[in-house]
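After this come two complexes, each holding chain A, first together with chain B and then together with chain C.
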Partner chain A sequence: MRNFGKQSTVAVAGKYLALGFYVAFALFPLYWLAKIAVTPDKLIFTDGTALVPSSFTFENFRTVLLHTDFLAYFRNSLVVSLGTAAITTCIAAAAGYAFSRFDFRGKRLIIAAMLITQMFPLLMIIAPIYKIVAAVGLLNSLTSLIIVYTAFNIPFATFLMQSFFDGIPKDLEEAGMIDGCTRFQALRKIILPLTLPGLAATLGFIFTAAWSELLFALMLINSNDTMTFPVGLLTFVSKFSVDWGQMMAAGVLALVPSCLFFIFIQRYLVQGLTSGAVKG
Partner chain B sequence: MTALADTAPGETRARPSFYFRYLVEPYLYLSPAIVLIALVMMVPLAIGISYAFQSVNLLRPFETGWVGFENFQALWSDRKFWLALTNTFWWTLGSISLQFFLGLGLALLLNTQFHGKRLVQALVFLPWAVPTFLSALTWAWLFNPTIGPLPHWLAALGILSEPYNILADPDLAMWGPITANVWFGIPFFAITLLAALQSIPGELYEAAEIDGASTWQCFTKITLPFLAPMIAITVMLRTIWIANFADLIFVMTGGGPANSTQILSTYIFTTAFRKLDFGYASAIAVALLGLLLIYAAILLVLRRKLVKI
Partner chain C sequence: MARIELQNITKAYGSVEVMRDIDLTIEDGEFLVLVGPSGCGKSTLLRMIAGLEPITGGEFLINGERMNEVPPRDRDMAMVFQSYALYPHMDVARNMGFSLEIRKSGSEERDRKVGEAAKTLGLTALTKRLPKALSGGQRQRVAMGRAIVRDPSAFLFDEPLSNLDAALRVEMRLEIARMHQRLAATMIYVTHDQVEALTLADRIVVLNAGKIQQVGTPLDLYESPANKFVAQFIGSPTMNILSVEQNSNGIQLKDGTVLQMAGTPDKDSVSELGVRPEHLNIVSPEKAHLSGVAELVEHLGSDTNIHAKVPGVGQVLVRQHGHYPLKAGEPVDIALDLDKTHLFDQKGRRLAA
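What follows is the complex of A and B.
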């Protein structure tokens, strides 16, 4: 937010050039995805590397939506991601609140345990989880994915929520408690409304994480009915590996939910991080 | 301290007992998180470590049992393991350094004022929202000479002799996933470093300007020291994360061609997923975990020496 006053035209031009480079680098792959998706099949090879297709079509999108299992994958992923995001956010909000407001026995131990879960390779537990899930008969079910993803995301979400709670003065709920609320009432009526941006950011974070998880879904799901989007698209790719237009159309459609969520949360993100998470 | 606050107004109302406040109430809020993490992460972690010392192969269900360090002995003489270890090193180093410097550059740019800042910020952060499997597929397609422009551009620039798919070339294949990873990872560094930049008090720069400091001096004497703790922690976390990150490589090359992009985490996954040899997969995972712990310890010691808070 600072301005060094007199900047030379060369410096300004350089700055905009650099920004242009970053924007182009960020958008080009997505542009290309969309471009191939709207190029008619017979033009894909003749158009080759032309930057703009010579004609447009939405045929690929129509085929993907109507003649493939795309919608089922999409629905499965939506169920898993929304379920994971909602449950994780509730649990993490409670845990983050406890970390932010209480000093208690075992606090350091629990924080250390949560940090450890962020350190070890998640792939390390892929085999035990497979065996456990198989033993309780939850293979090929979306429930198992929701439980597993929820546990994976809780530690990070908890630290995130803690930082949001830390940003809210303790006096507020103490005032409420003096006026006769219980602590839980104070939390619900005074603190939660103030953390709404934090809750939204956490929700979006977890949603996108669950939406893109591939390896555990690949391991735990192999029936076509319960495949999530990443697994479905990957099988799609290996099954019909020549139908470029349709694959890219499916890719574009997969982008929609996470980009929507991202646009919604991105302004809270820097704000949230600035206000607490990483200060110090 | 808090107990004192309780004795102030409203004292006669049921005063929460000491034990309730310190032993019970926090755990009421924490218990769902603790139970889930214990059941879904800690218990499997313990089981996973124990697998490393067992023979657990779903394809050979009758040869189970404790085998001591046999898996690790096999690991020691496994040529693929050492190759994967070397690849992990280059993959991590290449990805993290490019991500970091490009991310720092972007954060510094976004911390200045220019027209259309909100829009630019939303656009450059967008790759981070793209699901990883989709980034991997998109970049794999971009590198495919049939539908992607990259091989043609590289050939036109003289980097490639002819437009072919570098993902199929053992010497160059690793650059494919690294490019995708850099594209995907720049926003993370930009976001966290931008947040740290915005918390630097503006007066420092004003004072420096009055004293006649150049932009470069401001950067090295104010910006960098303030960013240092943040840089240390993000680089450490990201290194661990990238070393463990199998999705991009698994989707783009599957570890091939000729294992030239096989890193430890993809090796773990393919061993568990395709060969169903959970014992051996766990042994590789334990080895990777050990290496990462050593790395984290070294970095934390360095941080304590370099950054005085």
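What follows is the complex of A and C.
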């Protein structure tokens, strides 16, 4: 046992070293983002690649919040991302449950069709989508973005939800139905609580995907009122002749909702709720 | 209380028919055990009774009323799953009381019933735990408790003990037997363990390949199996089956030995003879029907199993009570207890002696 303990100290140290290296690697761009955001404009180029800026300022944040349309972009993005995440997750949960639990005619066909939609590069369908959206008069509206994002994300979200439902033994809802539940009650009282981690994961995934989507937002939106955040960021390039400091400050602010969102759902993500359901 | 009738039940998955001609009446308060090899349709039959699996054809009656299309919740049956199927997000007490919660019974009544069941099953100290913090045996008890609390008219068990170790299995078997005595409810119990079947059952149903082979009391099945399948399935170790033919002298074994049996069937359809290991005896050479060599001798303490090779006849297993001093390689002379042999025709049907 003692021998084992010694060996594992080295192993643990190695593991943390590897993890630390990975985290540093992954977070460095974010650090750089934050660094530029707090560096006074006149120092950006003189400081160069120094790891720590020689002086700090929150001027960039103040300007972004008070003197640009940032807050409007932010609100638009929030509406689009939350809307997309909520609608997609609801539809995907229902579809995933059906795929996981029922056998029906055309099931394989629908699954195949959904897989095929995932094979095309998005660029290919930008023009048709633009035409459709224009034809129904939804250009420059957040609704159009929500609809388009939802459509794109449903297949993946459905497969994700299906795999979560597949992970819940069928016995559980059958036991529920024998105990007196209707199928819907069994779904609500037994399956749903166990799927919360899956729902949270799906919500988080779709939210971030929608939050950072640029291509369609750029195509379908060109009025300043309905710009989402990624499109809005580009205005820093044109309007202020690449104002790095403000752009980075806006970027830092844009990270906030994603972070909050994941802090909120992470306890569901790590909950191994299904353990102990069946024999073990 | 429930009298359950299955009339001509069939079950098909798509075009594959997995069960046919199931005719069975389960009397009120009876303990009926379904046995059979893996894949024979035991679980499917139980699930059709529970309402979890649609019935393809035939009539399913509870107390004389057709129930084919009635959903599980209205059949008043409790089921214990092989996997236990405890709700992982509910503590033990809520797991046991869930059926009452769904039926909107008062929380006082619920607490009382759950408390009683927990006490009977020795779970009182665990009522606040989640299933994941329980041992396999404790989970099994909770699953039983969940069934008891409901006070249903019938209990269904699908191999409830197969995930337990041997000692715990014996203990829970007794627990279930006691439970049946106390509650006097109809119980249908699926197992592939014939010891469970023989010890618990009022009647046993032997299934094979989706068909009922025989229905009877444990003793019926042991003493007068309807066919070779039942004869070999019930009883441990397995019955010896020897090829024979019938001629004017009587029943002749493949090595030429003629057995003089009273009341041999007069049809010359006899094809095989079955005799249980415990109905073979090691005797002196002049009294023997079969002579061979012991290939393997298993000393079990209470019994000795002797695997003998008899030239011209084949492998024969003899079971002697107690310790029998014999070593592998030694010659053995074996006599059949002729009153306890069974004759089978070419199709494996037993011929009445």
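In the analysis below, the second predicted complex is superposed on the first by the 236 of 280 C-alpha atoms of A that agree within 3 Å, B and C clash if a C-alpha of one lies under 4 Å from a C-alpha of the other, contacts with A are read in each partner's own complex, and residues count from 1 in each chain.
Basically, contacts are C-beta pairs under 8 Å (C-beta built on N, C-alpha and C of every residue); 3 or more make two chains touch, one makes a residue touch a chain.
Just so we're clear, the structure is a prediction, and the values are computed from it rather than from any experiment.
By the touch criterion defined above, A:Ile178 lies against chain B and chain C together after alignment on the C-alpha atoms of chain A.
When both complexes are overlaid on chain A, the residue A:Cys259 reaches chain B alone and has no touch with chain C.
Contact with chain C, but none with chain B, is seen for A:Leu194 once the two complexes are overlaid on the shared chain.
In the superposition on chain A, no contact is made by A:Val79 with either chain B or chain C.
In the superposition on chain A, A:Pro169 contacts chain C only, with no contact to chain B. When both complexes are overlaid on chain A, the residue A:Phe104 reaches chain B alone and has no touch with chain C. Which of chain B and chain C touches more residues of chain A is settled by the count: it is B. Across the superposed pair, chain B and chain C both touch chain A at residues 174, 178, 180, 273-274, 277-280. By the touch criterion given at the top, residues 2, 5, 8-10, 13, 21-23, 25-27, 29-30, 32-34, 36-37, 39-45, 47-49, 51, 56, 102, 105-106, 109, 111-114, 120-135, 137-139, 141-142, 146-149, 152-153, 183, 186-187, 191-192, 194-196, 198-199, 202, 205, 209, 215, 229-230, 237, 240, 243-244, 246-247, 250-251, 265, 268-269, 272-273, 278, 281-282, 285-286, 288-289, 292-293, 296, 309 of chain B touch chain A in their complex. Chain A contributes residues 169, 171-172, 174-182, 185, 189-190, 193-194, 273-280 to its touches with chain C in the complex. Interface residues of chain A, counted against chain B in their complex, comprise 1-4, 15-16, 18-19, 22-23, 25-27, 29-30, 32-33, 36, 44-45, 48-49, 91-92, 94-95, 97-98, 102-105, 107, 110, 113-114, 117-132, 147-148, 150-152, 154-155, 158, 174, 178, 180, 183, 208, 211-212, 214-215, 218-219, 229-230, 233-234, 237, 244, 247-248, 251, 254-255, 258-259, 261-263, 266, 269-270, 273-274, 277-280.
The touching residues of chain C, when paired with chain A in their complex, are 50-52, 71-73, 77-79, 81-89, 98-99, 102-103, 130-134, 136, 139, 146, 150, 163.
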